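To keep things simple, chains are lettered A, B and C as they appear, and every chain counts its residues starting from 1.
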């Protein structure tokens, strides 16, 4: 299948008082038509920045796209003007955000917020847009949509707001939906419903989805492929199966081990990853995970490993996958 | 992979350095007040305000003694003089030295401003703190009372009180405090209520922090910010109110001088062309207002930890 | 909704009652007799006057009588004139003050909002700095100083606009500008910070993610929300306009309520002071009430909660 989106060697920095924060440092990935991928990592790893770069929503006063390209259907989004981007945002690529409580305009009716994009991109009349808004509300399974479109966000519960938010983002049937931590702010039961809804809509509308989350559980349910990010770089990528059962990066393994599981021995404490990610003002020269890694080797201190194919789609950036490391390990065990 | 690296088996030996220090936090943590001061220093406008206030305070203290005249001594042979070598700011219609009067007026005006702010602060802490700590019905009742008093027009009440009690320094301060403490009380009460609920305070308790630690690390930094800003902005409000009252003829009685009474006195001279008599107090009032306002704004920005970068 | 309006109304009436009561007893607490300074008044005339003004009755009786009169909107007679009542003063003065106040309010809102929005949209760029310097100068220069300067240059030196009295619209320009300066600056600063806060909200990002243009985002999403805090302070702003008009009316010789109030103070004409203070407070409390109610219409979140802010 063809790639609808290709991110190539993306570098994004922020200018702050303290200096330049290199938030994204050479990220590569692609998204196929109708596919759902997940970008996983802890806070500050650059996953949200990557997502917002695609939409170019980062504040222009501080954010700088240092190098790289983001190809949407072959066109570089980073080269587009603000006006050209406006025709893509909401129309070709939709986005939903983490906190449904604050992502909707509190002084505007839900229906109007859904209609705005339709009237702008599809040039619908007010009444047609209104009909579409009602249909969208139906589609995201909101009860009494005719009544609900005339209500304000504060009259909606958290889960309902996120449904409305999805309706806003999908109103123009965009080809890609970027969901930035769409379930983090919600109750667990509501989380499952929202994920179910997104999966359902993905099939109905044939939308490609980029799901950004720190929750590996959410990823397992939703996506085909997973991208694990750490300190502004992709450290491992592969199918859900590759990542969950054949992980080749100690960071991914650590993430998996730190999830509490029902079948776990309860007397055993959780297994967190100690320490904090490196300071991105001055990213380390070597592997960014070096300082927290239990399997660190001499080489890791000063040399940053590149993404290497493990097999098929599975890639990882770790020196342990290098033949010489395996040879050394083999010798050690003898 | 970087082709320049010479890969050797040694590089793939485990790294056993205990200095890896994964728990290290890369940048030193900065204490709240140091950080606030650092940010205030970066704000040029606020620093200008601070310097202006400092200079005005110093001159208010030493200014009246600098050229040997007194603020009340009249010399009718030297009326309405423009600024000259002897009278640096000139003289007024009663032949009084305006330089001395300007800094004497600074004392009165600044004194009124600072006193009003101090009393507002004390009243506000007592009333607002009590209301917030008690909570419940008492709190509701006390805040209703405050709300009602707050709806009473400020300057109107001050004027009425001045009419009733007669003009004077302390009546003016009293009049301003009677009407001025409510915003401070509301602020303090809001802060207290918020703090009682704050999860970080509870979190600190559960983590075994002592009361003094909580007070020092959490309560004071989080409450003092808005209060300090409010104090800073009360001073110019009071100075302004004093000037307005004096202008309406309800100010400090002669021969005492404040910037307000000087402005009011100078109005007649202004209309016959002695511009400088009005200019001096008007400029000083504006300068003071400017200084306190920009400092207050700067403090607000500096003390708001949400802006911490 | 009705419950909310009812609650506000009760509060407004209560406030008005407090003001009336406080003002009434304050006025009667002034030592000495209002007629005493007329000097050698024959005993019979004095007693007649006392009876005419009900000053011979016990204070609480006078208070009840005054309240009853107020219910009929009767503010009582003036002490200084036997023919003109306080009602006449209000009837003549209020339309003029209202005209001045509304004009100043319109100026303040228009320019304050524009300045605030421009500053916020160009945060930390030169339009921001220019707007905020204008705003800081605006709150630093007292209105009576600005008024005097404007009179001196615009009216006297350059003869561009007439001043004194209140005849053509040209007469209204300078007083309106002088009066509007302070609230303009205040609204500009408030609007700026409110806009900045709103522009940082998630829903602005949502609007942007919908592909809306910058102008639609600013007008439909940002300003609509940012203006809410400005609406809440409109009551206070109006109060400042009203009290500010005391000074402005006096300087420009405008025959409004403020001028009447100030004259009342100079003449120690207590019924006039009392009457105008009560009238002023009534107007202000009414305005604040209106602002509160209209706020609940502008902000959809208030309707359901029935009162919380």
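As a working rule, contacts are C-beta pairs under 8 Å (C-beta built on N, C-alpha and C of every residue); 3 or more make two chains touch, one makes a residue touch a chain.
None of these values were measured; they are calculated from a predicted model.
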Identity of the chain that, by mean CA position, is farthest from subunit B: A
Chain ID, smallest distance between chain and overall C-alpha centroids: B
Chain centre separation in whole Å, for subunit B relative to subunit A (CA means): 47
Whole-Å separation of chain centres (CA-atom averages), subunit B against subunit C: 25
Mean-CA-position distance for subunit C and subunit A (Å): 53
Multi-partner residues of subunit B (each touching 2 or more other chains): none
Multi-partner residues of subunit C (at least 2 other chains): none
List of subunit B residues in touch with subunit A within their complex: 1-2, 5, 7, 9-15, 20-27, 309
Subunit A contact footprint on subunit C (complex, rising order): 123-124, 201-203, 205-214, 216, 220-221, 224-225, 228, 298-301, 304
Residue numbers on subunit C that touch subunit B, as the complex places them: 11-12, 14-15, 18-19, 22-23, 26-27, 29-30, 136-137, 139-142, 144-145, 148, 152, 239-240, 242-243, 246-247, 250, 262, 265-266, 268, 273, 277, 280-281, 284-285, 288
Subunit A to subunit B touching residues, read off their complex: 16-18, 274-276, 278-279, 281-282, 290-292, 295-301, 303, 305-306, 308, 319, 322, 324-325, 327-328
Residue numbers on subunit A that touch subunit C, as the complex places them: 55, 57, 61, 82-83, 85-91, 94-95, 97, 99, 102-108, 113, 116-117, 120-121, 152, 154-155, 165, 168-169
